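Two complexes are shown next, each including subunit A; its partner changes from subunit B in the first to subunit C in the second.
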Partner chain A sequence: MTTEPPAAERSLWARLRRTVGDGTVADFVDRGVSHPLFWLLPALLFIGVFQLYPMVEVFRMSLTDTSLISSQESYVWLENYRRLLGSERFYSTLRVTAIYSVGSIVLQLGLGLGLALAIDYGVRRGLRGPLLTRVVVLSAWVVPGIIIGLVWRIMLLETDVGVVNNALGRLGFEVVPFLSDAGMAVVSVIAAGAWRGTAFSMIMFYAGLKRVPEDLYRAAKVDGAGPVARFRYVTLPQLKPVVFVVTILVTIYSLNSFDLIFALTNGGPGRATEVIALAMYKSAFESYQMGMAAATAVVLLVVTLTVTAVYFRVFDISEEI
Partner chain B sequence: MPTDVSNDEHHGRSRRTVLLATGAIGTAALAGCAGGGGDDDERPVTHGRVGTGDVEFDHWTSAFYSPDEDESLQPEAASAMRARFEEWAEENPEYRANLVYQADLDQWESQLVTRASNGEAPASSTLDSVWVPDNREYLQPLNDYVDDIDDFFPFVRETAMEGDDLLAAWFYTGLRCLYYRTDLVEEYGDGDPPRTWDDLLEVGGAIADGEGVAGFTIQMSALDTLPFFWGQGGELVDDDGMPVLGDEDNYDALLSTFEFFADLVEAGVTPQRVGTLDDPAQVGEEAANGQSAMFIGSNSRYQISIEPNDDDPERWDVAEIPMREADQFATGVGGWTEGVYAEDGDVAEAAKSFAAKAVEPETMGRYCEAGSQLPTRESVFDDDEIYSSDTFRFQDQFREFLRNGVARPSAPIYSEAIAEEWVTAKERVFTQQSSPEEAVGTMLDNIADSYDGDVEYDD
Partner chain C sequence: MARLEIDGLRKTFGRGEDRIEAVSDLSLSAADGEFLVLVGPSGCGKSTTLNCVAGLESVTDGEIRIDGEVVNDRRPEDRDIAMVFQNYALYPHMTAAENMAFGLKMTTGLSAAERRDRVESTAELLDIGELLEKKPRSLSGGQKQRVALGRAIVRDPAVFLMDEPLSNLDASLRSTMRTEIQQLQDDLGVTTVYVTHDQTEAMTMADRIAILREGELQQIGEPLDCYYRPKNEFVAGFIGEPAMNTVRVTRRGDTLVGDALEYPVPRRADGLPSGEPFTLGIRPEAIEIVEAGTGAATGTVEVVEPLGETSHAYLTVADATVTVTTDGPGAVEEGERVGIDFPAQRVHLFDPDTGAAVARRESLPGEVTEEYPASRHD
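So, the complex of A and B:
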C-alpha cells in the first residue's frame, strides 16, 4: 500500500515528474556532458590541487622567513630574493647548472640520436641485436638516480679500489682525480647524467625515425643523395619536432637535476658541482631556511620557463605542432 | 658490534646506513609498534612499551635503543636497555611509555622541530646531541630528576645546559682522536705520536715519501677538524649565539687552521682526494689496508675498521689530536641524549623520570659497556663493576681525552650555516680550489649572510 505525500512534497514531486516528462533533466545532463568543462574538470581539479596550489604556496613562502626550526613566520617580501641574487653562491650554482645543462643536452641529444640511428640502421637491414641494445641502454633509464650516483661514485674512487682508476693504473696511468678536482668533478657529473639520460633520448629519436616514410629515402636515393645528404635533407627535417620535444624535456630535466648529483658528489668538492636544485635542498633541509629555499625554487622556475620560451622561438615549429 | 653513531657530524652516517638498509623493517615496526596500541602483553617491558601504568606518554626513539634483542638494530645493547626500562617500570608502576620508533633520522629531526614549534611534540624523545641546540627552546629542565650534575664531563654542562637548567640527559658520548701506526712513526720519527702540526707534517711527509702511502687522512666533516680550531681557543659563536669566528683572535685561529690544511696537501702528507672523503668507514678501512699511516677517527673506529681488517691491529695506537702548539688540547664529542617536551602535569613528570633514568651511573655504565660507548659521567669510569675497564682497548686514554671534549655549539646558526660552510671551505682548500684566505673569507661572508641579524666581525 502506498501513502499519499503531503501537499508540499506532492507539489515538488509533480514538478519533478513534469520536468522529467518534459525532458529538461535529460537535456540538462546532455548539455553538461557535452560541455568541454565537464570532461576537463577532473584534470583541472588535479592540476589545481597538486600543481597550482603548491606553486602558489611556494611563491607565498618565498616572501616569508619561514624556517623549519621556528614557529614564527612573517612576511619579508622581497628580502629572500635580494639575499639570493646578492650572494656569490647563487651565481656559482647558476654557472654550474648552466654548464651541467648544456653538457647534458649536447651529450644526450648527440648520443641518443647516434644510438637511435644505429639501431634504426640495424632494424632496416634485419641485423641481430637492436632489441638487446635497446634493453641494455634503457636499463640505465629505469635505475633511480640515487643508485646511479652511488655506482658512479664507486667506479670513480680515487684509489686503486676505484674501477676506472684501477683500469687506468693497469695501463700505466696515474690516478685521475675524477671527484676531487673541481673541473673533473663537473665532467664526471655530466658524464654520469648523460649515461643515464641518453636512453630517453634514444627511445624518442628511434620512435621519430620509425615515422620517417621510406618513400622519402627512396626518392632521395633516386635523386642521387648519399647517406650524409639523406641525413641532412630527409632525416633531420623529419625529426625536427622530436628534437624540439627532446631538447625541452632534457633541458627541464637537467635544470632540475638533484638525485644523481646528490649521491655522486653532494655538490662538492667545495661547491664545484652544486646545481640550483641541490642548493635549494640544502637551504630547506640542512639550513632549515624554507623561505630562502622557496625563493630559489621560484627563480629556478623562472629560468626554466625562460629557456623554454627561447626554445619555442628558436625552433619555430608552429606548423608542426 | 660497536657503532660509530655517537658523534658523527652528519647525524650518524653509520646509523643512517643501517636505518636505510632496514627501512622496510622500520616501517613495519612503526606500523606494528607505534604507540603500543592494542598491546595486551602483561610483561612490564616490550619492544613497543615500557611499564603498564595509567599515565601514558609517547617517547620517540630509534630501534637502536629497543629492549628487544630480536627487534633491536644494536642487539648487543638490548639487554642493557631492557634492564634500564625494567628498573624504571618497577620504580614507577603508575607510568607507561609508548615507544614510537623512527626509521629516518632526517625526518625524525625535522619532525621534532616542526612539531615542537607547533606545540605538538611528543612528550619525550631520544635526540642526537647535535639536535639539542635546535630544540633547546622547547626542551624542559631535568634538574629535579638528575643527580650530581657536576659529575658530567665539562662539555655536557657547557652544551646541554641553559643557565642552570639541564635540558638533555646525555647518556653516552664519543670522541675524535689521532690514530697512528706505531711501527711507521717509530721508523720515520722518534716513536712519539705527533703533538703539533709541525710534528705531523714532518713525520707524515717522511712516511708518505718513504712508504708511498698517505701520511695522514681525515674525513670531510666539521667535527673531525673543528678541534684544530677549538684547541687554539677559537670560538664559533658568542653567548647569544651570534657567529664570532671572524673576530680578531678567532680569525687568527681560523686562518691558521686552514693554512695547516693547505700545508698538508702541498707537503704531500695528505692526498687531495680527502676533499671528497665523507665516509668515516672508508677512512678507517683505507688505514687498515695500509693506505694511510695516521688519521682522525672516532673512539669506536678501531673496533669497527682496524681490528677486523688489519692483519696486525696491535701496531695501532691513539693520541690527542695534534695542535698548533704543544700545550693545546681539544677533541670533538657527540653522542645521544634523552629530552622532554611535556611541560607540566603527570605526563611531564613521567617523561622526566624516564629520561633521567638513562643517566643514572649504573644505567649509563651498563649501556656504554654493552654498546661500546663512552660514558658522559666521569665517575662511571671509576667503577669496574658498572663499566668494565676492558670496554675499549684505549679506554684510559679516551677518559683523558674527554676532559678536553668540545661539543658543537648550542646555537641554531651552527646547524644552519657554520657546519656546512666549514666543510665547504675545507673541501676548497684540500682540493686547492681556493687559498686559505679566500676560503675563510667566503665562509665568513656566507655565515654572516645566513645569520638572522647583523654580524660585524670585530677585526
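So, the complex of A and C:
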C-alpha cells in the first residue's frame, strides 16, 4: 500500500506547509524575523507606551473634572474647553506665547545663522577660535532651562547686585526693571530663551553650511558673484531644508517653553510672561485642576499642529526633502 | 581671444613646518586660441595652477598675464575667464537656463531678454535647447556637463579653464565629449587651459601638453613630441599606454649590455661614455617579436591580453617584465619563448640618476631625416 496522498490533497498539503512552515522553532524565528513588524515592534512599543497612551489619557482627562485633591472623577465633557476658551486669561497667555515664539524664532534663527556663518568662515580660512566658540555656545544649550532661568534672574536682579544693572549703573544708567516691568519682562524672557536656543540652530545651520559644496562657491566667484550674492544665490537656497527644519523645531520648542520662564519670572509680573505651558502647569499644580490642565494641553497640541501644518504649506520643500 | 602667460608661478600652502609648495617656479604660456593641457598625476600642482589663473587661489610669487596684463590681484570675474568644474558645480536650485545666465546677470548689464537670447543661442550650439527649463538633478551626467560648458561659453570669455571636466563621465561618453569639446574649442577659437590626469585626453585633445610633477614643469610641447622625444624618464613613463619599458644597461664598447639584453649603441648615442650605466626605454608597440635566441633579448611570454586589433603580451626577460604590443590575437602564446627586437630610433636613453634623457632623437617619425634609416643599426 502506498501512503502517497492523492494529487488534490498533495497540493493542499504543500500549500499548508508553505503557510505554516515545517513547524520547527528555527523556521518560526526565521519567518518572524523576516516580517517588518518584528523590526518595528520596539519603536511601536516605545511610542505606544510613552507617547500615544499619555496623549489619549490627556485627551480623556480633559473631558473630566479630575482634581489632584479629590479622588472623585466624573465626565464633564466639553465644560473644561468652554471655560478655557471663555476666559480672558487664556487669550492673554495665547498672546504672550505668540510674542515669545515669534521673538524666539526670529532671534534664534538670525543669531544661529550669523554664528554658524562666522564659524564656517573661520574654519574655511583656518582661523583659530571656531572650536572654542562652538564649545561656549553649546554649553548654553546643555545647561537645563531651569538653571539658565535662575542664572538670568540673578544677572537681571533689579539692584546693584544684579550683574547687568551693576554694569549699567557704572555707565551712568538708572536701574532697569528687567523683570518687574511688563514689557521689559517679556523682552528679558525672549532674550534668555534665545541665548539658550541659539546654540541649537547654530549647530543645525553649521551642519547645513558644511554640506554646501565648495565648488558652488568657486563657480559663483568665477561667475562674478560677490559675498552678498553668493549668500543669496548659493548659501540660502542650499540651506532651505535646514531653515525649514530649524523653524519647525524652534517653533515647537518655543510654543512649549516652560522651564526657563518658570524659573525666571514664573509668568510675572502679573501675567505678562505667562505662556500657555506655564498656565497649564499652574492649573495642574497650583489650582489642582487636572482636567482643566489637560484641556489646555490639548489646545496647545492643536495650536502646535496647526502652525506646523502652515509651515509645510508656506515652505515649498517638496524638491529638497 | 587672448594670450595667457604664467611667469615664475609659485604657490605654497600652510606655514612653517606644514608648508607645502604646490607649484614651484612654473613658467609657460598658451598662445591665442591654443588648447593647452596640463597633465600629471594627482598632487602635481595642475589644479592649483588652474585655480591661480582663475583667481580662486592667490599667487605666492610670480605673474599671471592675460593678453599682456598682469591679473594677479584681479578678482575672478575681472579676469575675463570662465571655468568648467569636474563635478559640474551647477547651482542645484536653478534651471539649466538660469545656471547659464547667472554669470551674465552678475557681471553684465544685459536685460533678461538679452540674457535669454544668448543662453538660447549657446544652448543651440550645444544641442541642449530642450534641457533649458530642467533643474540639474533631472539631468544625466553628460547633460550636466554640457550645461556647465554652456555656462562657460555663454560668457564669451578670453580664456576657458577646464578642471578635469570629463572625469565624472563613463568611458564611452567621455570619448564623445572629448571630440565635442575639441570641436567646440576649434570653432570658438578661445584660448583654453585644460587640466586632466588622463594622458589619453591630453594626447588626443591638446595642441600642446604641459606635463607637471610635484609642482614642477617636466616638459611642454606638442603631444607627439612629448611621446617620441620625452625630456626625461618621468614624461616617458607618464605619456603612452601601456607605459614604456625601462631596463638598466651599461655601455660596453659599441654595445649596451643589461641583464639578458644586448643592443648596439644607437648612432646618436655614440658620444656617451663607455662603462657608464643608463636606463634604456622602449615603448611596447616599438618591440617586435622575433625568434628565440635572436634579437636583443629572449624571454618567456607569461600573459597575453587580447584587445582585438592588438594584444598586450607580458614577457619575463631575466628578472624584468617587458610589455609588448603585438598585432592581433595569436602572435604569441602564453608559455612561449620568444626573442624581442626594436629599431634603434625608438630607443630612449636616460641618465639613471637624474632621469634626464640623453642622446634624444632629433625628429619625429615621418619627418624627412637622414638621421635614421629604418634599420636596427642606424
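We take it that the second predicted complex is superposed on the first by the 290 of 321 C-alpha atoms of A that agree within 3 Å, B and C clash if a C-alpha of one lies under 4 Å from a C-alpha of the other, contacts with A are read in each partner's own complex, and residues count from 1 in each chain.
Please note the rule applied: contacts are C-beta pairs under 8 Å (C-beta built on N, C-alpha and C of every residue); 3 or more make two chains touch, one makes a residue touch a chain.
Keep in mind it's a predicted model, so treat the numbers as computed, not measured.
Undergrad: Using the superposition on subunit A, tell me whether subunit B and subunit C clash or fit.
TA: Overlaying the two complexes on subunit A (C-alpha atoms) leaves subunit C and subunit B fitting together cleanly.
Undergrad: Of the two partners subunit B and subunit C, indicate the one touching more residues belonging to subunit A.
TA: B
Undergrad: May I ask you to decide whether A:Gly224 touches subunit B, subunit C, both, or neither, giving the answer as first, second, both or neither?
TA: second
Undergrad: Looking at A:Arg211 after the superposition, I want to know if it touches subunit B, subunit C, both of them or none. Which is it: first, second, both, neither?
TA: In the superposition, A:Arg211 touches no partner, neither subunit B nor subunit C.
Undergrad: Go through the superposed model and pick first if A:His35 touches only subunit B, second if only subunit C, both, or neither.
TA: Neither partner.
Undergrad: Between subunit B (first) and subunit C (second), which does A:Arg60 come into contact with in this model arrangement: first, second, both, or neither?
TA: Neither subunit B nor subunit C is touched by A:Arg60.
Undergrad: Have a look at where A:Arg232 lands relative to subunit B and subunit C in the superposition and call it first, second, both or neither.
TA: Neither: A:Arg232 stays clear of subunit B and subunit C.
Undergrad: Determine the nearest approach in Å between the Cα atoms of subunit B and those of subunit C after overlaying the two structures.
TA: Value for subunit B versus subunit C, nearest C-alpha atoms: 51 Å.
Undergrad: What residues of subunit A sit close enough to touch subunit B in their complex?
TA: Touching subunit B: residues 65, 68-71, 83, 87-89, 158-159, 175, 177, 179-182, 185, 265-266, 268-272, 282, 285-289 of subunit A.
Undergrad: Tell me, which parts of subunit A touch subunit C in their complex?
TA: 213, 215-216, 218-225, 229, 233-234, 237-238, 240, 319
Undergrad: Name, in rising order, each residue of subunit C that touches subunit A in their complex.
TA: Listed in rising order, the residues of subunit C that touch subunit A are 54-56, 75-77, 81-83, 85-87, 89-94, 102-103, 106-107, 135, 151.
Undergrad: Applying the document's contact rule, which stretches of subunit B touch subunit A when the two form their complex?
TA: 106, 110, 113-114, 117-119, 134, 220, 271-276, 278, 286, 291, 412, 415-417, 420, 424-425, 427-428, 430-431, 433-434, 442, 445-446, 449-450, 452
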